[in-house]
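What follows is a short report on a single structure.
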Amino acid sequence: MTDDVQTLVDAVALGSIYALMAVGIGLVFGVLRLVNFAYGQLIMAGAYALALTNDQPVLLSIALCFAVVLALSLALELAAFRPLRRASPTTMLVATFAISYLLQSIALVKFGAIGKIVVVVPKLSEPVTIGGVHIRWITIMTIIVAVLVFAALMVLLTKTTIGLHMRAASIDPATARLLGVRANAVITAAVLVSGVIAAIVAVILPMAVPERLLVGPDFALRETIIVLVGVVVGGIDRLLSATLGGFTMGVAVGLLSGYLPSSGAWPFTSSVYLDSAVFMLVIIVLLIRPEGLFVRGRHAALERV
Amino acid sequence: MLEVSGLEVRYGTVPAVRDLDLSVGRGEIVGLIGPNGAGKSTTLHAIMGAVRPSAGDIRLAGSSIRGRAPEQVVRAGVALVPEGRRIFTELTVEENLRLGLAGRRSKDGSAEALERVYELFPVVHESRSRHAGLLSGGQQQQLAIGRALVGEPDVLLLDEPSLGLAPTVVDTVFGALLAIRAQGVTILLVEQRAQRTVALADRTYVMSNGELRMTLGPGDAGDSRRMVEAYFGSS
Amino acid sequence: MTDRRGSLELIGPVLALALAGIVGSTGFVDPALENEFKGALVSVAIVVALYVFVGNSGVVSFGHVSFVAVGAFAAGVMTVPVALKPTITPGLFAFLGEHSVGNLASLALAAVLGGLFALVVGIPLMRLSGLAAGIATFAVLGVTYNILNNWEKIGPGPLTLTTIPETTGLLQATIGAIAVVAVAFAYQRSRYGRKLRASREDPAAARAAGIDIHRERLWAFALSGALSGLAGGLLVHLAGTLQARDVYLDLTFLTLAMLVVGGVGSLWGAVVGALAVSALDSFLLRAESGEVGFVDDLLGKPLWGGSRLVGVALFMAVVLVFLPQGLTRGREFHLPRLGRRRAVAQESSA
Amino acid sequence: GAISRSEAKKPIIIGAAMDLTANMAPYDTPALYAVQLAATKINAQGGIGGRRLQVNVCNHQLKNQKTCALQLIQQGAVIGMVTCDVEFAAPAVQEFINRGMLTLAPCIGTDQMGPKRFGPQGRLAFTFGNIAQDEAAAMAEYAYGRGWRRAVIVKDNLLAYFQNVADLFKARFTELGGTIVQEEGFSSFSNTIQNAISKVAPTRADVIAFPTAFDGLAPFVGGLRALGNDTPIINSWGGDGNYWWPQNPPVRNYYYVTYGSIYGDDPKSAVNRLVREVTAINKGETPATGSFIPGADLVDALVAAIKGAKGSTRGKVLAAQLEKFKGFQATSGKITYSKTVHGVTGRAYRVMVVNNNQAKFLRFWKTKKLASTG
Amino acid sequence: MTQAATPEHERWPGASLRATAVSRSFEGIRALDGVTLELHRREVVGLIGPNGAGKTTLVNVMTGFDRPTAGSVELEGREITSWTPHRRGRAGLARTFQHSHSFGSLSVRENVEVAALGVGARPREARRRATELLDLLGIERKADARATTLAHGDERKLEVARALAIEPRFVLMDEPAAGLPEGEIPDFVRVLRTVRDEQGAGVLLIDHNMALVMQVCDRIHVLDQGRTLAEGSPDAVRGNLDVTAAYLGESAANGSTASAPS
């Protein structure tokens, strides 16, 4: 019983950090119509900033992390995203692959393959134990941060003029400009906001995902891929469904890894086949609800001819 | 108010507009008609800064706006009802209208401007919280016109505003243009309804093949010979 | 007239590949470089196979490498000498462990299995489009990799399969690449290819014109799968060793990038992209190990280690940012002079 | 005269197709340095029968192993040297051995580097790493010898090597009479370790066998301790190095077996000297793990083999020499090969212990009996 | 009800496209409410009504781009309500879109050719039809231009050419003349008559240009708020006061005959 609860708690913990990442990735998609594969490398850069300043005061270290991520976001926006504004989605996606790969290569050459340990606030990694079930402080914090960030973004996007302009600029920059929207400026602003979220993730991820205590060139890469999958499965067009998609992905991975036995064989009876099980679920969900698991009603209507 | 001189626009190497001169005085309605592919929309886009002219100048109230970005042109007081509506289907009707406010220099009076549009196009009001993509074609066109009007521009450019509108609504729109003009707004109207345009406008330019062919006055509206000439060249 | 002009478009890719084959076989080229030539040709095969689906349908597939993988594993496992199988892959199902086939048969097998796998997967998946399709195909890749990387009854599991006959010489690589290009060309010129390209541009208009998008996509997907499988066979017989990791994410991203760098809209783009990126990669590798004279002279030492990783990524990023339509800007090959004259003619008539 | 002299004294070229940039670089780079240092020493003593040892390097970055091998062959390499992981090394190995070259890996840690994986040609392939059967047995024997009877196994499914060590530990430990009270699995990089931590934490056992490297180490060791579980953890050489040590809670009660201590307290001064020298070349950075130490053994063995073959560098001849090694004394310890096993057995392990982020050499351990799963 | 232009033998139920009691609601909006409309071969039927009356929705339902919430669609006696659009296309049912669609990066000619290929024409035949249709619509000079570079009006003509390329038995045109200069309306009238008389197709024509509708239609069907408001000959419809009030308004009612030069 305690075991089951513990598995569930661990799964929710993983889900919550994925959800936070999904908010960031969902926002980038929302405002850039861009599946930003390089998002993970923004997080990586921030995490390196933290790891390389382990000996500095925590606040300074975090400030540096934000500075690095924001500067990199801005650089990407100016050097890559802006020129690509009118490119096809495939081109943009592959361009972000290339950028991601470039940043990974630079990190690899500069810092080496072996990870560097990140120490932010060790206290947060410690568990509280309630009735034999361990919950780590960072999990609670991640959930709070995810909810706050999500709420703030929702307000920004739906209640403010600049949010409206961001959405319009993302859907059709040319027309938005014809209406007087400073498309480039608002998109840049959105990229910076997504950068802020990336920096937040960079601070939280090393504590929240145990394997990420070490920062290496592929830091956050796997999480980015899984969250991207989750965001699409959940429904990428809406921030809420995207976020829930990320969350679900984490919970699914957590539960499956909790319940698949550690040995066994085909088909999918062993945790070795965890990925297969997860991806099979993804395929099934996509086939049943192509528009997204958490998108209410069929929005096919939107595609009226 | 709006002056275009020697305008040339090319797509690739092919000129779509050649050596075009036209001017619209403050509070005037000027029509622009011509066959498909004549370069009418291209001209409007050039004024908006959405395409880059290869020659010529565009002046707004005396100062050149050539080379300015569209958002700057809008903020200088020009608004466009674009061809093909170009509304944001994923946003709600009201959000679409609010986008039209982006070019306003002052936020005062935005609410009233919205109200006036709602009054002009009741359908838009009824469906203000729906996704704009779900509107019928003509309803979307009304929205596109309304979106330009809420900005209360000094200069209003309309690219075939009557497209897809039911006859009663066309009446409404043309009536509204007169009313707006009365407030001193300058209007450049691209249309396919040649008769009505010529009758309504202070002056109507006829374009074909990228060039200005002739200028018609309101009196020519009933003159079918002149109108035929306008389209098929003088024979 | 247009038809004949159209078939000229095939000349470019075929010549480029034949040239690569011929240059690769001359005495000027050392075995290491020859190996890179073969690698480039096989890359062309993989990228063109990918292009058959992605280029024509406009749907991104992140899963095509699973068909390469199936082809590679089939061709690899089935050509390891029977005598060695009990030591090298002891876990295989008996019927796999006790039989082996020759080079050509293994390539055919690779193509058939790749095509079948794509067909089966495609039947449900081709209903999807956009990102959902992209992610679903990616999930297929994930499952394929996970199974190939672990299931020792059908392959080496997490180990590297070795002692695969290295039968992909320059001739086989060249012929293979040209064959894939020719099939891709024939497909794209066929009605099926044209219908699919139209539906890529506008699904609604395509459906109104009687085009069954699902079916057209499915055929393209299966064909692309078969070509991918074949390319996988070529790949494994070039490498001589095979690990599931070799046909997973890195290859997926690399081949997609090659396609987009060349220009996703044209066959010529697929060929150019694969050749350009391969050439750069080989060049930087040699420059790093001090094999390129002028680089050594220029820097006074070989290029620093890792500049290849950074260089290739940078090249891809820069091309995509400045030429979003790729090096060929989505156009097919035209003989340069002919092309210009025709363009002029078009303008004056307009 | 000049020509024939230089011909006669042609250097013996070792072609090193290794990764100095990507994921294997932390292992390959120091190993390469160790080989180069040893070669320099041999050359300073006049080489092998007057022939210098020359190490040519091609950095394949885990992508162009085969091209690298071909390039090196073309440069005249007669001995092949490859990356420290057999899965990554395979393409280069195969290229070298197909040309009849003796092919050596400084630190592949399985018995796969040899005929077992590469067929008859594989007789030319050898590694200087200890084979997993030996290493896992050392772990199991040491644990059992400490009086630990109840073990938990946590298996990392990322690499075949980790899986092997876990399976072999189980085999040897149960053979000795110990019991496995729990088995958990995870895969590095797949965000599944938290689950393993939670499941292992409440278990009462004497020892946890946890063969892995990389990103699983810190969270598992740190996570268990944070949950108040203080059971000793034992790892293979993959768990060497201090790069992953979390600060809070610090690493404690953590054991591993390795080739030599990188902390300057190895009982063999040759090892400590090697660590210092490699550190110096490595821009002052201590290598991440002790896995490079067999690099020196590689040269020791190669020299002996060439001498035994009367100066021949033909693969077959040298392989025959190496297969005869029984307790051959090299820098880090004694090396034994056989016709079928081309990985090292019989070398004494350093059992290391880490407490409060302090690593300490504890004792040598020599495997008494190889582990075997079937 | 007069059906002057439809010969008797073409009027049997099997030779028609028929929507029977079709309803379609969207989240509370009744876009169509029990509409019945029959289109025979060799006739042009006008479908008019205020903006949002449900005209496009009806076309969508009849061509399979939308499913009715109630009612059925029959093609030449076969129930096709659940057929996919492409299947209907192959059965000879064509449409144009109110908001232009085109195969953007293909040339204008290829656009038309592909449409013919879609319904199974051989490449040679497709080429012939394309040449013919571009000529008919007067956009042959744009044949080699990419579809995306067309001016709006030319795009509309391409839309019609593509629909006709499948050699339809029935073609539903959603405001095909929107964007045509007034002066070209007579040409378009000739196109419609060719389609009707020479190809023997049934044409459903949606347009807000009363001059065009009154001139070319054999029958007119008026929709308002999803219901049939009136049905009958052009004159009968023009005389209908409800129609005037709901749709035509003052000026159109008066001036609709003041058409372009012809």
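We just call them A, B, C, D and E in the order they show up, numbering each chain from 1.
What we mean here is this: a residue touches a chain if its C-beta (ideal position, glycine included) is under 8 Å from a C-beta of that chain, and two chains touch if they have at least 3 such contacts.
This is a predicted model, so every value here is computed, not measured.
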Going by average Cα coordinates, which chain is farthest removed from chain E? D
Chain of greatest Cα-centre distance to chain B: D
Dist(centroid_CA(chain B), centroid_CA(chain D)) in Å evaluates to 76
Between chain A and chain E, tell me the centre distance in angstrom, where each centre is the average of that chain's C-alpha atoms. 48
So, in whole Å, the Cα centroid of chain C is separated from that of chain E by 45
Residue ranges of chain E touching at least 2 other chains are 26, 65, 97, 99, 101
Considering chain B alone, which of its residues make contact with at least two other chains? 134
By the touch rule stated above, which residues of chain D touch at least two different other chains? 21-22, 157
Once bound in the complex, which stretches of chain E touch chain C? 63-65, 84-87, 89-90, 94-95, 97, 101-106, 110-111, 113-120, 123, 141, 144-145, 147, 162-163, 165-166
Residues of chain D touching chain C in the complex: 20-22, 57-59, 61, 64, 66-68, 70-71, 73-74, 86-88, 90-91, 93-95, 112, 115-119, 121, 157, 159-160, 163
Sort out for me which residues of chain A touch chain D in the complex. 3, 6-7, 10, 13-14, 108-109, 112-117, 119, 122, 125-127, 132, 134, 209-214, 216, 218, 222-223, 226, 250, 253-254, 257-258, 262-263, 270-272, 274-275
Residue numbers of chain C touching chain D in their complex, please. 30-32, 35-36, 39, 81, 84, 87-88, 150, 157-160, 162-163, 239-241, 243, 245, 281-282, 285-286, 288-289, 291, 305-306, 308-309
Where on chain D does chain A make contact in their complex? 21-26, 155, 157, 183-195, 197-199, 201-202, 214-216, 218-220, 222-223, 226-227, 241, 243-248, 288
